[in-house]
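Below are two complexes that have chain A in common, paired first with chain B and then with chain C.
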Partner chain A sequence: MDIRRASHPVIDPKVRRVGFFDQPEPESPHLPDTPPPDPVSSVIMPPPRLLSERTAAVPVPESRFRRHELDDQVPIGSYNPAQCVFRASPTASITSSSVGIIDGEFSEDCSGAGWFRGSELSFPDGGLDLPAVKPHEVLAENRYDDAVNVNNLRRVTEKKHETVKEVSPDTPSVSQPLKAKTTKAERRALQEAQRAAKAASKANGNSAVAESGKASPAKSKKQSSQKKDGPPVTSSVTIYKKSGNHPLEKERKKDPPPQRMQFDDQNRVEKAKRRALVNQTEARNRVEIFRHLPQYEHGNQLPNLESRLFQLDSMHPAVFKVGLRYIAGDISGVNARCTEMLRALQDAIIDYSTPPEKVLIRDLTAKINSYVSFISECRPLSISMGNAIRFVKSRIAKLPLSYTDTEAKTALCSDIDRFINEKIIIADKVIVGHAITKIRDGDVLLTYGLSCVVEMILLSAHDLGKKFRVVVVDSRPKFESQALLARLIAKGLSCMYTHINAVSYIMHEVTRVFLGASAVMSNGTVLSKIGTACIAMVAHEFRVPVLICCEAFKFHERVLLDSICCNELGDPDAVATVPGRMDINYLDNWTNKENLQLLNLMYDVTPSDYISVIVTDHGMIPPTSVPVIVREYGQEHYIT
Partner chain B sequence: MPDVHILVNEFVNQLKKRKIEGSQATAKQTAELLRSVISQQRVPQTNQATALINAVRAVGEKLIAANPVELAVGNIARRVLHIIREEDLSLATAAIADLELSAVSDDEDDVERDDYPVLSAAAVAAAARSTLRPPSLQTLLEDAPISAAIPHTSSSGGDSEGKSRSVDKGSRGRKLKHDVIEAVNELIQDISTCYEQIAEQAVEHIHQNEVILTLGSSKTVLEFLCAAKEKKRSFKVFVAEGAPRYQGHLLAKELAARGLQTTVITDSAVFAMISRVNMVIVGAHAVMANGGVIAPVGLNMVALAAQRHAVPFVVLAGSHKLCPLYPHNPEVLLNELRSPSELLDFGEFSDCMDSASGGGSLHVVNPTFDYVPPKLVSLFITDTGGHNPSYMYRLIADYYSADDLVVKRRPVTGS
Partner chain C sequence: MDFQVVVLAGGVSKKLLPLVSKELPNALLPVANRPVLSYVVELLELSNLKDLIVVVEGKDVALNVGAWISGAYADRLHVEVASVPEDVGTAGAIRAIAHHLTAKDILIVSGDLVSDVPVGAVAATHRRHDAVVTALLCNAPISGPLESVSSGGKDKTKKPGRYDLIGLDPTKQFLLHIATGAEVEKDLRIQKSILRAVGQIEIRADLMDAHLYAFKRSVLLEVLDQKSAFQSLKHDVLPYLVRSQLKSEVLLNGTPQAEENGTEKVNSQSNQQMISQILANASEPTFHLRHTLGTIGSDSVRRAHKCCVYISGSSKYCARLNSIQAYNDINRDVIGEASHLSGYSFSAHNNIIHPTAELGAKTTVGPHCMLGEGSQMGDKCSVKRSVIGRHCRIGANVKVVNSVVMNHVTIGDFCSIQGSVICSNVQLQERAILKDCQVGAGFVVTSGSEQKGEVLAKK
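Here is the complex of A and B:
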């Protein structure tokens, strides 16, 4: 591994980019080796073709890294440069394998709850880097110090790194060889040490600004790797400085690294249960291969929760309401869920007032964490919701300390408004504008499920006077598309309606397939409503182009290969009965038969080769360019 | 005669109203009906076979027209025609043999007849079929005028009968009818027991801890899986429910009752789950001569997903499902659209439709069948063993005579 690394001084471009990622402020250009047009905000969206060229133009070693991230995760854990890549963006903490980032941040209090938790398993140390806010920071420090004491060597390194922080251009030369020799465990210890060191330095009156926990390992590695070319060292230090100022609430962590909750892990499930507000009962007759996902009996916790409304004084009523609506299934659709959640958080922020003796930034983040954990107990968070939460928290973290409560609250509310407006509403309009160019007269467009963007596309194409027909494909158990169908017919479109099994029959006459998505992964796969993969597959087989319409805030660095690892289980009883068909009652009392299970999966993963184009607010891109969007624009939400 | 007409009309009505479900039931009833047609048919002194053939053909034509997509009807009609031709031929050859030879005992007969080319060819063909080995080139050539060999059971029965009786014109007429009816009886027997023969092969294909996916419900699949279960294999079954008829629920219930580990999934989850599946086992509605399958709707999707994940796609089909026709545009022409009420409640969208001024229109498409092209099928398991899709044409040639492929003057079954 070391050899591999040594033979590739290529890390530099990466590091440089890392640096640039770290730059929230436009000061970055003065770095000696950062390319001038760096600041993310100034990057203009190139047309799709250009974009892919850009990907191609990325230096080879870069793609090597990418591949490593994607393919072999286990080695990554000990492969520093790669890890450095991950740690690089302080806010995003790009661990390719983890959605969990999302909750990595809020999971302090809900470490039992976030289902879409990043699989930090492959990053035993990564988990430690995803700290949540700890109000009693000193306590945590002490704990870390204890941990650090384990090894004197670590102490030493800690010191070294502290000096590094004090801007000494030559320290990297010390830390680097050291690092080169370290084993994984040592490195992990080193990270802890650094974190503790930072904590100490900060506690020493380094302003109350919280440093990014991630920044430190990132920095140390950056330095070590940058060591290869002399000059940038200073720059990296500057970077560090900046990310240090950068008031992200990445703080020391409690002992357990927040892995994505695996529900086959008895201990953690127990722990989570004790903490949970929502007392869900385990469903019976569970499907063996989905043990790692939560499956609860549906419909019985709602009255219970409602009655507890007044006992849960820690919960803001708006959040509580949203949670209940999630449980009841009133809100479906990623955008709706995300918007509702943001609105609820907004309400909660408006009603928030900083308790005495507490700092708004930290206390509010803790609050948000507890809200989010409640929401995710009600229904597992989707990936886009995770992204939105990440945005909110980064905004909180970046509030100037000088702000009063009122100012901070107004700023946050307008930020949230802006997010909803820009990332969802305007993004949808842009997507409609792009996608509509792909609709011609005489087309037969197929759509599946209920995607509001697709609906907007169809309606506005109709308004433009284009002559086309729509095939609406529906599936069990919810038959969501019927609502879409009703709206389309009401607007005067001519429609065909069928079920998913008949898709091969209808595909002969279809000329375009428009599909929505719940999330787009950086390997180009699309996580979407169950059945989307089938539609895309059949369309691919019939040589019909498949267009995925998806806002860029649903893009995520994580990679997915199959639909098993990361999914959500719905109510199995919904499978047993068919609404309106009383004759289908073979599966009544299915729970009594111990060798009969019902599986109601919510999502599936469409392989990227079935997808012709992804229409996003940044333009139309091939699925291979998703990582580019994630890289170039992923930070945008958090930094700007 | 009149009662046959009544019977035929009744059956035609049932077919038209789609009251008869499933190709096995249809096949059986068709065979029974044709049997009574034959038994009631008065045969003239000469050309009895032609008379029978014409009678059967007339009825078969009606039945096929009643439900052109129920290919089993046509299959059975063709097989009965084939049986008549075979019986006639065997009687004729027996007659020749009897004329040339003095009376011989049954046992010696077979040996003796080897000297006669036509007879020996038939015997070889029968032997070849009974051992399930492809006929030799010689057999094929000599069989060519007959177009295919006789199902061995009927042929041997016919032969022995033919030999034991003296060749008297009058008795030969009764003889032919009798033989044909015997053979049809055997055909009916075959149809009702075919799934047992298929199920016997289950252990050869299912191993311990296998994960099997199926869609919808099929008696053959149920028996197949249960046969493997009875052989103490333990495996898991994913059952896709098969919208819009949800027969999968029924299958799942049966399987669970018989102690198999069963999981019901929605049809849309097929792609998600197939990566964890070792084998797809499904039933078919009909198997075409090119090896394509007319199957319950949704199976094309399953087959594509299976192909994507390199999962074997196994089709179980009794011999009555083998159709001698080559499909043309089968998705449309061999399909049937069912009532929209299975998808949408009646009146649910009527209010939207009323605003006809707005121009919105709604078509609900609810096809019954899917066509699975032969390239997606890994294996056919019939009651005569496992076969490749590319071999189906030859298997079919064993059961049907080329003269009968077109039952009526107009093209049959729209294909």
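Here is the complex of A and C:
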């Protein structure tokens, strides 16, 4: 190891320079054909707005709900240990402990509850607290004036007691539904509050047509602050727009980001199933720790959906085709998936016509929502796709009411075209331009997986006549890199192909690692194809710089600490078989084996410590600067 | 979903004589006492396809078929019946109705298909691959044990299970070679270029083209327009498209992609290229793509189109009523193993006896039998694995085994019918013995006659 390190004495200091000192890079990409991204709004940001966005990045629910939740969690915690005492089987303890981990680490607001649970493990008669708690709560709820919250609270508490009663002939996994109930009730409370706020805001928007007469003082303050940062707007249309949209935006900032569907929540899953267009059967041996993610049987999804082609009348053919291609695995890669989805939505918008008695903005948004939910049933959406959808929806919401159907449709289509062009195509070109400066003659570049940006970088560096070698690292089960390898070889690059198992052997001769990403979170973690974290860590250990190439539309304000809460599960059969070896069939009937779970995880999270630099269309930045991009440019997707 | 459905119901097929006639065309031939066309229509209806164009050969036939459809489906479906001249072939039929076709893709179904394969699946496969044509392949039907009919020189019945020779790629998604009809008997010729591009071709003789196709409309119409000699979709158009898939002459997507915009759009053009590059790189490259991309150095751009297949699962039933043999088989299957197709509810004895049918004393109707409305049977009869139509009068001591008896048939005492098809209004006088015969409509079989493997029809 030391000898190897010694072989790169020149590179190592440079790495650090690349990562953290080289970053006063141009704010705006210096490509001639990029339209300048609204310099005024992006450069001068007023402090109040900045603050509010900061808070929005962290999923903290409103304090009132938080308090309730803590109150509620006490009985759960005190009940749970009783069960552990009743059946002290190893499985029970394992499940409960694993749940504890989830609570403690991943949903921040539950950390207190998790702690309680741990501490009260020693009271076996904790369940006796329950009757004492209940009247207390009921009394309390009568005192509240706020109807929404009282209702919710009551529901929460009653639900809790119901479940506790039902459950008392206990099963080891009781803690899970209990926890789920809380979150569900909490969510419903949030939702209702939101709905009320939305209704209010809608009323506002409708009545106050020209001026924001009914806007609350806070809102007007907000507006003035906005006026400061933007160029002074005087047209009545924009003013109206602002007054209409403001409460919504404010609401969004206060609320935690919309929670993802948790697939271990029985009720919600059933509800979702009733709504679902793609009927899927849940996998039998689900991996315990990933129960919150959709785990479906993969074999019959495609035929099921195929045979229902004509039943799904509401679906646009283009959208359906995209769904089919997703579910069949015909297309992978975030950029391609995102482009295809946007193209399909574009087709759907072109074929759309507003039904009589309806408003285009509302109806089209509903339509898009249904399309998106269909697509996400076919394959969970990636974060960048979420961003793209947010963009489309915000464009729809921002359409002036005076537009006719055709005007609105052409506006939307050109917006989507612009998104694809600017956020994907031109962004890729800019990234290539940046990254290429980091490739020098004699370099050995390592890449993993199949990233179209990395491929473009390599090819254009080769076209520029740089002399370098490429190490293409691949992994089971998809061997995506082979396609990349074939294309690189065809272009005459000198390549080496190996599997991820060998990465530690090959790393000592590598001078740069180029990786793609599925998403970059605001704490600098990179969500990417599984195995990326491993590569990055090995590279870090060998002091090889790791460059993540990622378009800015894949940035997200969310904070991700681990790869458990936000991930995707692939077909477990893919890891059960060995391609080309029919004789290795130990796992042929694995679904029948109760004590076996197969895990085919699609993504992992690379901590920012292992990343030297992120190459984006806004320049090369250290991972610590991701929040800046999210703040300065993140909103741009859907506000400009 | 932007699909249009064309049902090719045919006219009066020579292969099915003497069962069919102008009054009872192919489409209305009863299978388990329902016209065979109703199976297709209901299959489509099940897939929520309610706008159909039914193409029939001959004006009189069209009147008959139209009358039946409007009677049976007027309230549920929107069916247009179009008549084309006889002997134009399937390709000619499509040419004749081309101006009605507007949707992006056309689903063409043969009217004699009896199947429960989801039509949507074929269409979805077509869409998924953006194919030019997608064909439904099913397992070639296996003839029943008792069906050694010698009904004329039909090579298909002589060689059970060898209908088409079909070449597939290793993923079983693309059609690489198809030999149908008379070509099956010839030597197998496979194009080198296709073999080179794919690397491996699987030749299957156990699959049958079920004559359910999804075509891209623009391509289909273009091919029909250019190749005026093409008579049949199955024998000409499909093999042509399969043959030319790597040197495509048809315009995909209707528009040439190059010279349509001026200089100002060059930039967006290159962006367009980049997008398609990204998309192409992200998906699993098919051999078509590899072939088109593999032209480094040569200046001509290779173009390819995709011919896909959807292979129905072995649990699905799929058969075509295109011979007398098939007619027997399908009747047997529809009341037997594929009984869910018939749409009737079977009794506890696994048979269907209409409540108005009358059975004499000691008469037995076995499982997998069907007895139509108002039919009467005398004493001590026995019916096994047979379909008996409406208002038949059957005397005493009659045996009906593995046969189809249509409507208004009169059968005298002590008759024995085995493996035969008796058309409507036939009269069988006493003690007639028929084995493996087809009796045309209105024929009178004299008493005591004994026939084996004959075709009996009015001159």
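Methods note: the second predicted complex is superposed on the first by the 383 of 640 C-alpha atoms of A that agree within 3 Å, B and C clash if a C-alpha of one lies under 4 Å from a C-alpha of the other, contacts with A are read in each partner's own complex, and residues count from 1 in each chain.
As a convention for this text, contacts are C-beta pairs under 8 Å (C-beta built on N, C-alpha and C of every residue); 3 or more make two chains touch, one makes a residue touch a chain.
Note that the coordinates shown come from a computational prediction; the quantities given were computed from them, not determined experimentally.
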Partners on chain A (chain B, chain C) - clash or fit: fit
Partner chain in contact with A:F320 - chain B first, chain C second, else both or neither: second
Touched partner set for A:G333, first chain B, second chain C, both or neither: second
Touching partner for A:D264 - first (chain B), second (chain C), both, neither: neither
Larger contact residue set on chain A - chain B or chain C: B
Which of chain B and chain C A:A490 touches, first, second, both or neither: both
Contacts of A:D428 with chain B and chain C, given as first, second, both or neither: second
Touched partner set for A:I420, first chain B, second chain C, both or neither: second
Gap in Å between nearest CA atoms once chain C and chain B share a frame through chain A: 11
Residues of chain A contacting chain B in one complex and chain C in the other: 490
Residues of chain A that touch chain B when the two form their complex: 287, 289, 474-477, 482, 485-486, 488-506, 508, 530-531, 533-534, 537-538, 541, 562-564, 567, 575-576, 578, 580-581, 584, 586-587, 590, 593, 595-601, 603-605
Chain A partner contacts - residues on chain C that touch it in the complex: 1-3, 47-49, 104, 118-121, 123-125, 127-128, 130, 267-268, 271, 274-275, 277-279, 281-285, 296
Footprint of chain A on chain B - complex, ascending: 241-244, 246, 249-250, 252-253, 256-257, 259-273, 275-276, 297-298, 300-301, 304-305, 308, 331-332, 335, 342-345, 348-349, 352-353, 355, 358-367, 370-371
Interface residues, chain A side, partner chain C - complex: 33, 303, 305-313, 315, 317, 320-321, 324-325, 328-333, 335-337, 339-340, 420-421, 424-426, 428, 450, 452, 455, 483-484, 487, 490
